Structure formats: structure tokens, C-alpha cells
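What follows is a pair of complexes built around chain A, which joins chain B in one and chain C in the other.
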Partner chain A sequence: MKELFPVKQVMGFVFSLVLTVVALLVYFTDMSFPIGMTILLVTAFIQAGLQLVVFMHAGETDDKKSIYTNVYYGLIIALVTIFGTLLILVWDM
Partner chain B sequence: MKIDNSLPLEYSTEENNLKILGFWIFLGAEIMLFATLFTMYFTLENRIGHGPSGAEIFEITPVLVETILLLTSSFVIGLGIHAMRLGNKKAMMVFFSITLLLGAGFLGFEIFEFVHYNHVGATLQTSAFTAALLTTLGTHGLHVTFGLFWGLAILIQIKKRGLTPETTNKSFIFSLYWHFLDVIWIFIFSFIYLKGMM
Partner chain C sequence: MDFFDRFAVPHPSFLIYASMVGIGLTMVAIVLGITYFKKWGYLWREWITTVDHKRIGIMYLLVALLMLFRGGVDAIMMRYQLSMPDNKFLESQHYNEVFTTHGVVMILFMAMPFITFFFNYLIPLQIGARDVAFPRLNALSFWLFFMGMGLFNISFIVGGSPDAGWTSYFPLANNEFSPSVGTNYYMIAIQIAGMGTLISGINFITTILKMRAPGMKLMKMPMFTWSAFIANVIVVFAFPVLTVLLAMGTMDRLFGTNFFTTGDGGMDMLWANLFWVWGHPEVYILILPAFGLYSEIISTFARRNLYGYKSMVASMVVISVFSFLVWTHHFFTMGQGAFTNSIFSITTMAIAIPTGVKIFNWLFTLWKGKIVFTTPMLYSMLFIPLFTLGGVTGVMLAMSAADYQYHNTMFLVAHFHNVIIPGVVYAMIAGLTFYWPKMFGFMLNERIGKWTAWIMSVGFVLAFIPMYITGLDGQARRMYTYSESTGFSMLNMVAFIGAGIMAISFALLVYNIYYSIRYASRDIGSDPWDARSLEWATHTPVPEYNFAITPQVASTQGFWDAKKNGHELFKGKYEKIHMPNNSGWPFILGCIFFVFGFAMVFSIWPLAIVTLIGILVCLVYRSFEKDHGRYISVEEIEETEAKLRGVKNEDR
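== the complex of A and B ==
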């Protein structure tokens, strides 16, 4: 039975629950918008990275480089799309 | 077909390796799909017209339950893949079944949430904000719905054919998809709900 619950994945799960609780602080405590957003950005990206490495085994084969290049590429396009649009349409710069 | 026995079954042939890499590339495209939805949402979130704002309609309880359900299902399918690598077909099927049940629970809460939005007058036609919100949430929900049928089909195949290079490869790819949906949900949870209620 014990062999079915690898320590690494159990720890990963516990850690992601902790990150969720930390993110919830922005709702349950009174904090300013910039501090709240900083906390959310940090917890969300750590949690996404955790899923990728611990649960999706992104780095376990020879395709590691291709997989990470692909993920980073997708991420860069995503961030450029989101922040580029906000810059022009919302922040009016 | 050359089978390399030093690797887990799902990686044991070149075709299997390529299928997994190919699925990662598909996930890269999915990241961009959701990026465009988030772009739309962040651009339009303050355009509420005569409709309600996010802070008025979001409720923490169902959102929290959905988050825990999806997070747990993502962990459980990880255990399923681990059991698969140990060659434990029965444990793997149990873990995959629990994953799908948690996924169904998530979907149930999301449908309940959508009915609630409809009830308080936040429909697809109400404002730019509600349209962007429901399209973003709906696209994620649609992915989960699709995943439920996909996972069910894989469970049936595992039951009929056992753990072969083909079925393990399909299961691993499905697990990648399921984890990815959890990653997207983390961003929805943080930057749509929590940000909206802050």
C-alpha cells in the first residue's frame, strides 16, 4: 500500500495545498492591491511549476530540452499577448 | 516495433516517445488559447454596463470546493500513473476512477455556479464582463467535460487490454492533459476569482 504513495508526489500535493491557503490570504485578510497581486503571482506560478515538474514529469526523458523550450515559448507568447494588450487597451501607454 | 525495456512502458517505443512530445506541443498551443481568453477577460473585466461586477457575484465557497476537488484529482491521477509504472493495473484503475469522480464533482459545482450566475442576472448577454467571464470559465469547463469522456474511454481500454505500450501511452498523455487543466484552473482561481474578490 505504501509503495502506491510516493513521498515526492505526496509532498507536492501538500505544498500545493499550502500555496492555495497562502493565496486565500488575499481574500481573508485586508491587504492592498499591489501586495495582493504580488502574492497571487508568486503562488500561482510556483504552483504551475510544481504541477509541471512533479506531476507531469516534464524533465524525465531525453526530450526534456524540447519540452521546456516548448513550454517557455508558449508562456512567452501568453505573457506578451496578455501584457501587450493591457498596455495598449487598458493602461493606455 | 522496437521495445526498450529499460524505460517505463509508455516510453518504450519511438512512436510512444513522439506521441508524448507531440502532446506537449499541443499543450503549448493550449497555453496560448487560454492566454487569449485571459487577455479578453482582463481587458473587459471593468466593462460591467448595467450588470453586476465580479465582486458582487463571486462566492468563495463553491470556488474553494472546485479548487480543492481539481487539485486533489490532479494529485490522484499522478498516483495512478505511479501505480501504472509499478504494473499495478487494479490500483491504477482505482486512482483513475477517483480522478474522474472528482472531475465530475468539479463539473457539478461549476454547473451549479453557472445556474447561480444566471439567477442573479449575469448571463452571456448581460455585459462585456459577464460574456468574457463565462466564455473563459466555459472553455475550461468544456475541457474538463471532454476529459471525463476521454478518461472513461481509457479506463475501458485498460480494463479490456491491460497495461500495454499503447494503453499506458494513452493513459500518460491523458494524465498530462488533466494536470494541464489544473494548471489553468490555478490561474482562473487566482486572477479571476481571488483578484475579483480582493
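== the complex of A and C ==
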């Protein structure tokens, strides 16, 4: 019975609900813009990672290596694009 | 009649009316011709519904050649307009439309389908697969691309062409400054074609990762497949930016949002920024497969294995990352500070290093090789010096301080034509000549081919080197005329003559195809160039299942080692082969997308809603469709193989 019960998935589901509630707090409580934005960004990235690993089974096949390489590559490019754009249009304009 | 007024061309001229008549007559002639020769059924069964990667590839090739003609005509018109001061051939509006069309057509509807043709035709053959990973999606990619291309191409006779440049910068591209529907065409046609490209990108990555023949490790793939893999990874990461960008631009133009407005919290510069976040990687999407083709051709005709395989792969991986780190060099003059410009200057110069590694690898492959000067090899040899010239001027442009002098001048125009023509166009023609016998069973004439290469190069040098000079003297790009006192006229006349010579070389290419169809020998076997990789190991013409027995590979050049070093490629005996069924679904979905795009361009909302529902119905239908493909029996394989002379066993 123990190996049939998907502990990891249930825990993951609970954790993703917690993350959603934390993100919702930004809307329902009165906090400053930087703090709210930080909470949203952090919970969003953890949430995305959780979905990818626990529910989309990213690390469970032989393709583990290529999947993670792709994810890291995409992450790097997304961050470079965002921070590059901020640099060009906001910080150094 | 109000409803139909919107389809009128806002700035008509004799040339446009003549084109309308020409296009109308051609369409009628094509329809009548197909009906007269009773080819509708053949066309539907063998081509429109096909999911065979080879046939889809050939359709991409046809579109690319057609668009090369269209973009080339635009180029000649521009060069003629600029050949004399105060020329009255084109008025300014018409000139704007022509250079916009030239840019979009050449990059998105000529170069992109040309490389996609090579992806489609070669990747499955080079890795020993029977087809791509998702054959039905592959057909959908083609038809989406085709319909986007069609939509863009009718713009100049229905409603007016886009006129804001191929970069379509805001605020110029907004409703106030570009009131005609032209820029709507730009947004929506490229969106539809771009979806096709994105889908193929995913398809080819999956194909290369999952469908390689047994024994072909990643580091044993042929160099073209490696370059295609990297290019498609860039496609998958860069094209979503374009998709989002075009969607935002469409919403600004059609629904009054404020993404790129100058007031109300919008930021017009964001368009230029995001455009080049896609646009710069796009350049490498075009050039990397071209590099891959040169690698194949140079190692085949130097009769040596490629020098520095690992460094070739490493340099491409580095280029793929760096291609996302340099986009600001397209707008050094936009107003950001010296700190930002310095960062992007340095990353831009750094990208010359992996490119230089590749150039030296080709030179070292030639070193001590037994070089055979065939037409594809001649193009590759012309490519190295001409492309290096373009690369060096690229480094000049990369210096942000100096760029203030070069920005938006003919110097820039000369630079990017200098990398794209010897880099991409030469590779495409060299690759076409190289793989022509594989596709059609006869070779293109070598003598005419070499003349073509030389004439094209002479034309190229005459057309583009003068632009460097006039650019440094201050001739701005996209100016439709200039006065005699500027002193640009002589060099521009030289450039026009060069463009004319290039046109002659393309005519010669077409003549070569005609000549070779009539006179070339059909008895050339399946390996006329004495080549090295797997695509040459199967028959010519390639049977629909590609390889009767799945090849087993042990080296980077499987076929060469099978010929010279006694490796055995085809072990075992025939087994039944699982193949996908043909389907009309991709074509029908493409057609609905075309009508949807048209309705969006002209804001005909009822039609847009109906077609959008049609698209959803098609997707739902596909989700519930059960199609398990079909099997080709062993008897059928034996029959086909015997008809193709069963050369496989005799060859060993």
C-alpha cells in the first residue's frame, strides 16, 4: 500500500497551494511595491520549478539531461533578456 | 460599395496595375493547366496531403526560389531608382513599400524556407531516420508558413504593402503614421508564418534528440545536423519573443492598446528592443545551417574528415548563447548610456572569436587535402574571403562609438548583405547543387554552375563594395533619392550594374536547371560526389521509407567508413516498416488560417470569429482523431529495393 500512495505528488500539491496562498497575500494585504514584487517573483519561480519536476516528471526519464539543459538554457536567456532590457530602457537610459 | 473600398491600393502606380494583371493571368494559366493535364488528384494525393519530409522539403524549396525571384525584382527596382540622382522611377511611398517587402521577403520567406528545406530533406536522412518525429505537424508547419507567405505577398495588390521597413519600428508603424492596412499585413502574415517556424523548431529538436540511428551518439552526428540542432534550439528560444511582439503590435494597431505608444505609459523603444531580441538570434538561425552545409561540402571535396569536429560543435554552442547577448548593437544610437553600449560592444566583438574558430577549421580541413574543385566547392571557396570581409566590417560596426558614424547608412546595408549573401545565399546554392542529384537523380551542369558562381561573385562585389564607400560619405539607407551635388551617383550606378550582373547569374542558375533536365545523364548512381555521410548511403531517388534497414553507425562519417574502412551499415534483414498516413488536415487548417489572417488585416470581425471557431474545431478534431499509420510489408520493400537495383549488397 505504501508504494502505491503518491506521497511526493500529494505533498507537492499541498506545497503548490501554499505558494498560491502566499502569492495571493500580496493582493489582499497592504505591502510596499518592492516587497510584494519580490514575493511574487520568488513564489512564481518555485511554483514553476515544482510543476516541472513533480507534476511534469522532468527528472524521471533517460532524457533527464537534455530536459534540464534546455530548462537552464531557457532560464539564462530569459534572465539575460529581462535584465538586459531593464538596463537599456530603465537603468541606463 | 464602401465595403470594397478598403481593398483598393492606396498608392497605385502603373507597375502595381501591371502586376495585378500579370498575377491574375498566371493564376488562370496555372488552374487551366492543372485542369487540362488532369493533375488535381495527383497534386492532392502526392503533394498537398503529403507528410513525407522529403516532399515537404521540396515544397519549401519551391517557395524559397519563388521568393528569391520576388525579392530580387524588388532589389533591382531599388538599385535602379538609386542609380541616378533625382530619379523619377519610384516615388517615395512606393520606394518605402519596396524596401520593406524586399527585407521581409528575403529574410523570412526566402532564407528561412531555404534552410527549412535543408532541415526537412537532410536531417532524417543524415541521422538514419524514416521521417521527422511528428510528420503531421511538419506538414502543418509548411502550410502555416505557406499561408503566411501568401498573405504577405498579396498585400501589394489588395489594400497596400507595409511601408515601415522590415524592422517596422514604432511609432512609425502605428496607426497615425502608417494608416494603410499594410502594417497589419506585416503583423499577421509574419505571425502565421512564425508559428509554422516555431512548430518546426520543436519538431526538429525532438527528431534529432530521439530518432538517431543506433550507434549515432550526439558527438557522432554529421556537422550539418549539429548546426541544424543548434539553429532549431535558437528558433525555439527566439521565436516566442517575435510571437509576443507581433501580438502586442497587432493589439496596438487593431484594438487601441498602448504597448508602443509614446504616451499613456507605452514605450515605443520597447519594440526596437524586443524586435532585436528575436532579430539577432534570427541572424544566427540563418547562418549556422549555412556553416553546416559548408562543413559538409568542404570536407567532401577536400577528401578529408572535418578538422576540429569538437571545436566546431563547441563554437556553435558558444555562438548560440552569445547570439542572445548582443541585440543592443542594432540600436547603439537609441539613447542608452555609454556603459550599456560598452557591454554590448564587447559581447558583439567576442562573437567573432567562435566564428573565427570555424573559419580556421575550414582552412585546416583544406590543408593537405586532395581538393576537387566542383561547383559547390567553388562557392565554398568564394564564401571564405567574401564572408570574412563582411565579418571584419561587422567588428567595425560593433564599436559603439564609431557606430554613430555608420548607423543607418549604406555602410550598414553593405555589411549585412556582405555576410548574408556569401554566407547564406552562397551556401544555399552550393547545397542545392550538392544535393540536387540526391533529390532528382541527375547533376546540374558543372560548367554553367561555375560560370554562375563567378558571375554572381563579380556582381556581388560590384553591387556592395561601392555602398561601403557611399555609406561612409553619408548616404543614408532607405532614402529614395539624392541630389547630384552629393556625389553618390557614380558609385550607385556601379552598384546598379553589379545588381544587374547578379540578376544575370540567377537567370543562369535557372537556365542550368533547364539545361540539366534536358541533357544531364541519369546514370549517376546514388553517390556521385564520393561523399561521406549517411544521406548518400540510400538509393537515388530516395524511397519513401528512406532506409530499408535501419543503419548502424560507429563514426562521424558512417558512409565513408562503410566505403573505405569496411564498417557495416546495414545489418539484419527486412522488416515491415511503420509509416504515417497522408492527411488533408494541415492544408485545411492552413487555409482557414489564411482567411482568418485576411479578416484580421481588414478588421472584418464576423469573418474573423467564424474562422477562429473553424481553427478550434480543427484542433479538437485532431485531438480525438485516431490514426495509427500504416505498415509497408516486407514484400513491398523487397520489390522497391529490387526496382532500385538492390545496389545495397553489391555496393559493399
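The rule we apply is simple: the second predicted complex is superposed on the first by the 87 of 93 C-alpha atoms of A that agree within 3 Å, B and C clash if a C-alpha of one lies under 4 Å from a C-alpha of the other, contacts with A are read in each partner's own complex, and residues count from 1 in each chain.
Throughout what follows, a residue touches a chain if its C-beta (ideal position, glycine included) is under 8 Å from a C-beta of that chain, and two chains touch if they have at least 3 such contacts.
These figures come from a predicted structure and were not determined experimentally.
Superimposing the complexes on chain A yields a three-chain arrangement in which chain B and chain C clash. For chain A, the partner with contacts to more residues, out of chain B and chain C, is B. Looking at the shared chain after the overlay, A:66 reaches both chain B and chain C. Of the two partner chains, chain C is the only one that A:93 touches; chain B does not reach it. In the superposition on chain A, A:26 makes contact with chain B only, not with chain C.
After overlaying the two complexes on the shared chain, residue contacts for A:44 are found with chain B alone; chain C is out of touch.
Using the contact criterion defined above for the overlaid structures, shared-chain residue A:77 touches chain B and also reaches chain C. Once chain A of one complex is fitted onto chain A of the other, the partner contacts of A:17 are limited to chain B, with no touch recorded for chain C.
After superposing the two complexes on chain A, the stretch of chain C that clashes with chain B is 256-264, out of 256-264, 328-336 or 364-372. On chain A, the patch touched by chain B and the patch touched by chain C overlap at residues 63, 66, 70, 73-74, 77, 81, 85, 89. By the touch rule above, chain C contacts chain A in their complex via residues 209, 233, 237, 241, 267, 269-270, 273-274, 277, 321, 324-325, 327-328, 334-337, 339-340, 343. The touching residues of chain A, counted against chain C in their complex, run 63, 66, 70, 73-74, 76-77, 80-81, 84-85, 87-89, 92-93.
Those residues of chain A that touch chain B in the shared complex are 3-6, 9, 12-13, 16-17, 20, 23-24, 26-27, 31, 33, 36-37, 40-41, 43-44, 47-48, 51-52, 54-56, 58, 61, 63, 66-67, 70-71, 73-75, 77-79, 81-82, 85-86, 89-90.
Across the complex, chain B meets chain A through its residues 7, 11, 17, 20-21, 24-25, 27-32, 34-36, 38-39, 42-43, 60, 64, 67-68, 71-72, 74-75, 78-79, 82-83, 86, 88, 91, 175-176, 179-180, 182-183, 186-187, 189-191, 194-195, 197-198.
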